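Multiple structures are listed underneath, in structure tokens.
Next, two complexes with chain A in common: one pairs it with chain B, the other with chain C.
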Partner chain A sequence: MTVAVASGKGGTGKTTVAVNLALSLEEPVELLDCDVEEPNAHLFLQPRWISTRTVSVPVPQVDERLCTACGACGSACRFHAIVSLKTQPLVFPELCHGCGACVLACPAGAIREVPREVGVVERGRRGEIRFVHGRLKVGEAMSGPLIRAVRSEAGQSPITLIDAPPGTSCPVVAAVRGSDFVLLVTEPTPFGLNDLRLAVEMVRTLGLPFGVVINRSDIGNDAVRRYCASEAVPLLIEIPEDRRVAEAYSRGQAAVTVLPQLRAVFRELYDRLLSVVCSPGQRPVPAGRS
Partner chain B sequence: MKIIVSASGEGLEAQVDPRFGRAAGFVLFDTQTREARNIDNRQSLNAAQGAGIQAAEAVSRLGAECLITGHCGPKAYRTLQAAGIRVYTGAAGTVGEAIAALEQGRLALAEAADVQGHW
Partner chain C sequence: MRELVVISGKGGTGKTSILASFAVLAGQAVLADCDVDAADLHLVLTPTVRRREVFRSGNEAVIRPELCRGCGKCAELCRFAAVLRDFEDPRGDGSSRYRVDATACEGCGVCVRHCPHGAIEFPERVCGEWFVSGTRCGPLVHARLHPAAENSGKLVAAVRQEARRLAESEGFDRVLVDGPPGIGCPVISSVTGASAVLAVSEPTVSGEHDLSRVLELCRHFDIPAAVCVNKWDLNPQMTRRIEGKAAAGGAGVLGRIPYDRAVTAAQLEARAVVELGGPAAAAIRAVWERFKETGE
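Our next item is the complex of A and B:
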């Protein structure tokens, strides 16, 4: 089963939930940090690194001797990564999604694909937890292919946890698409609620089962809870604010290694999400304010 | 000669839009007929990326020989160069004033992009 941890708003606790959930489960689990622009789960999991591979995107290279400047390549590219104004084409590799449409469109066979490195995938392990993350090259804007490369590493453990990037844009969709469940982590503040609504719209559009985790649940107000109730969104668990968690975080320590009693909270979260996945339409009991 | 000017509104009285790729629109001016035509730029304006390239392609298709705008980024500049369009940056005031300045030789030809992408 694949569970993605996402949120509209950044800094709500996605990585905290993903890492601590991984450390709390008794089953073998793999954790994939798909926030390739700024991966940070490894700081808390502290895996032993095992291997690295580079990830490339195929980009067009034009053979100017064969090119007839017909413009077919430019017409085929919806990303304007190859442009032909009845001239030899201009290639903008950083915009290229590597779809290969220009190669197919070229009647002269003048375009071939060459690899352009966008980042690396690193694999590691901590105890029974298999860990994979991606690191995008600095200055690179195309994170989708690297996220998909990290996702392709899944499947060696019964449970796959995905730490998604924040927001609701293409990288988030690449990270959560095809998962069996999405945990939306939020905080009970107006900002948290605003971005939670966007995230809920996104996962509904993708047709994925999902539930909400309210982190730092005793700050802010009740608006997120009211929203979840009115939208029939399963509220899986609330994690209260605890200074000791923040102190552990500041030292790069996972919360459950400092406060082992929190493992029960994360295991309960897992049980509740299972109950949503396993019996669709049946809402779990909302978590009480503790 | 056709001159295209990035514009925040319509006609010669509109202000020059300092952005090129994400300009609100363009005014295409024919120096022979002295006629001005408004060009929609919504497609580039709303593009997720590559707005400058897309706008440069559109400008090229319209047959413009000169572009007057505020700023021009590297990808747009490269595309305009390939299309053989002369680029004049740093324009301000109304579209009509900018065209007059060009015709009087008071605008300097841009020899490179004057801003980074996504400025």
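Our next item is the complex of A and C:
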């Protein structure tokens, strides 16, 4: 069972929900923080670190002795990462998507691929919770390969929780793809509603079952609730604003460690999402999976 | 012409509320919403759309079922697991054996070039649209990336380019940019070449952690950066720590904005915080007075 926690808008409480869910469930859980640009879950889970590996993408390296300057590599590359105007090619590694088009195109066999580091995957543990996150190198534009590397660590616990990056574009897709359920965390404000609509469009495009969590549910207005009702989107739980939770968060303490009675709330959330996953009407056939 | 960008690293620290207030305080400026996959500035500035452009970027592979012979070369060569095998020959005529998942396709064209049957088309990809609108604070360039789409960095570049062009052609001396969260592709595209960046933080461990990475990004690209802490009174000790670290890293510390329910109230009324008044509005005004000179 893989549950991704996502949101269009940033700062709505994705990490709070993911971490507190992990700390509240009785079953063994693994938590994968896929917000590799700004990973935060470890600040609240405080895992004991176990191992690190670097993640690389393959980029071309040209053997000048074999290169005939034919230009085939440059015309095959869609990303302008290798440029050859009938000259020895120039490589721009930071533009390279690692697709291998240049290697396949080179008639002289002059291109081989070498790894370029884009970040690290770090693994740790907190009690029964297995923890993995990615940390993108600062200045690196492409987060997709690192997110996919974090995702590939899943599968050692019956429950996998994924803390996704904010937004609705390719990094989020890389994080939530293949999940059994997506929890969309929002807040009851105009920004929250606007970004929830976009996130709902995204998960519908991916064909994934989903439900909504309204965080800080007593600020703002009623528009998010009305939207959920009119779109038949399951509203799973509302979490009211609580100064004690906000202050604990500011110090790096998970909500359930300062207010243990909240564990029941997060367990309830999990039970409700399971009931959505198990009801056939809410299970579209995933378009993106064979 | 100066281009001032507001970013945050961590999402939800108050970028858009602050930028909307800056737009009001600046009087007249060109505004650009570069948070293209979750744009919110239009909710405060209630723009009237004057021009609408389709944003095309890159290509996507599409397998023509009537030409596909099911050899599997495309699936073998694709490094993005974007080619999916359908059910084994359901109609018994060899059709539709493979298809491309558009949300996974990177647009590299490897399958297109290497399909032995020429069965894969490679149309240009429509990734979203962008708009030029009128607002009470000046022209706004904003955009909408299609859900689950790629190339957000290129759409950001298109929005910024149009905003600069407008500023030059219509005689504005400032462009104010609302940036996306994070430190990746769309953020890099929002800040490179800007006159100055304001990073909005919050006094939490995650605010601190994310600010340090976003300031490192600004140093990496050599862009003058300044910092303000929003909702600073939530944890005054953490606010001091964040300000100390930011100053030690060479960033200007421009002020503190208190927690104020007027910020949410303003959002509900589609107004900027400074149009409503209150302690947060006064603090944002003070930050603006300093930020508008940063990087000069």
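By definition in this document, the second predicted complex is superposed on the first by the 281 of 290 C-alpha atoms of A that agree within 3 Å, B and C clash if a C-alpha of one lies under 4 Å from a C-alpha of the other, contacts with A are read in each partner's own complex, and residues count from 1 in each chain.
Following the convention adopted for this analysis, a contact is a pair of C-beta atoms (placed from the backbone, for glycine too) under 8 Å apart; a residue touches a chain by one contact, two chains touch by 3 or more.
Note that the structure is a prediction, hence the values are computed from the model and not measured.
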One more residue to check, A:R65. First (chain B), second (chain C), both or neither? neither
Is A:H80 touching the first partner chain B, the second partner chain C, both, or neither of them? first
Just checking: does A:L90 make contact with chain B only, chain C only, both, or neither of them? Give me first, second, both or neither. first
Chain B versus chain C as contact partner of A:R48, first or second or both or neither: neither
Give one of first, second, both or neither to describe whether A:A141 is in contact with chain B, with chain C, with both, or with none. both
Dominant toucher of chain A (residue count), chain B or chain C: C
Pick one for A:L206: touches chain B only (first), chain C only (second), both, or neither. second
Touching chain B in one complex and chain C in the other: list those residues of chain A. 79, 141
In the complex formed with chain A, which residues of chain C make contact? 8-13, 16, 36-38, 40, 43, 58-59, 77, 79-80, 84-86, 101, 103-104, 106-110, 113-114, 145, 147-150, 152-153, 180-189, 202-206, 209-210, 213, 216-217, 220-221, 234-235, 238, 261, 264, 267-268, 270
In the complex with chain B, residue positions of chain A that touch it: 74, 79-81, 83, 85, 87-88, 90, 92, 95, 141
Residue numbers on chain B that touch chain A, as the complex places them: 47, 49-50, 53-54, 56-57, 60, 75, 78-79, 82-83
Contact set on chain A toward chain C in their complex: 8-12, 15, 35, 37-38, 40, 43-44, 76, 78-79, 97-101, 104-105, 136, 138-143, 165-173, 177, 189-191, 194-195, 198-199, 201-202, 204-206, 219-221, 246-247, 249-252, 287-290
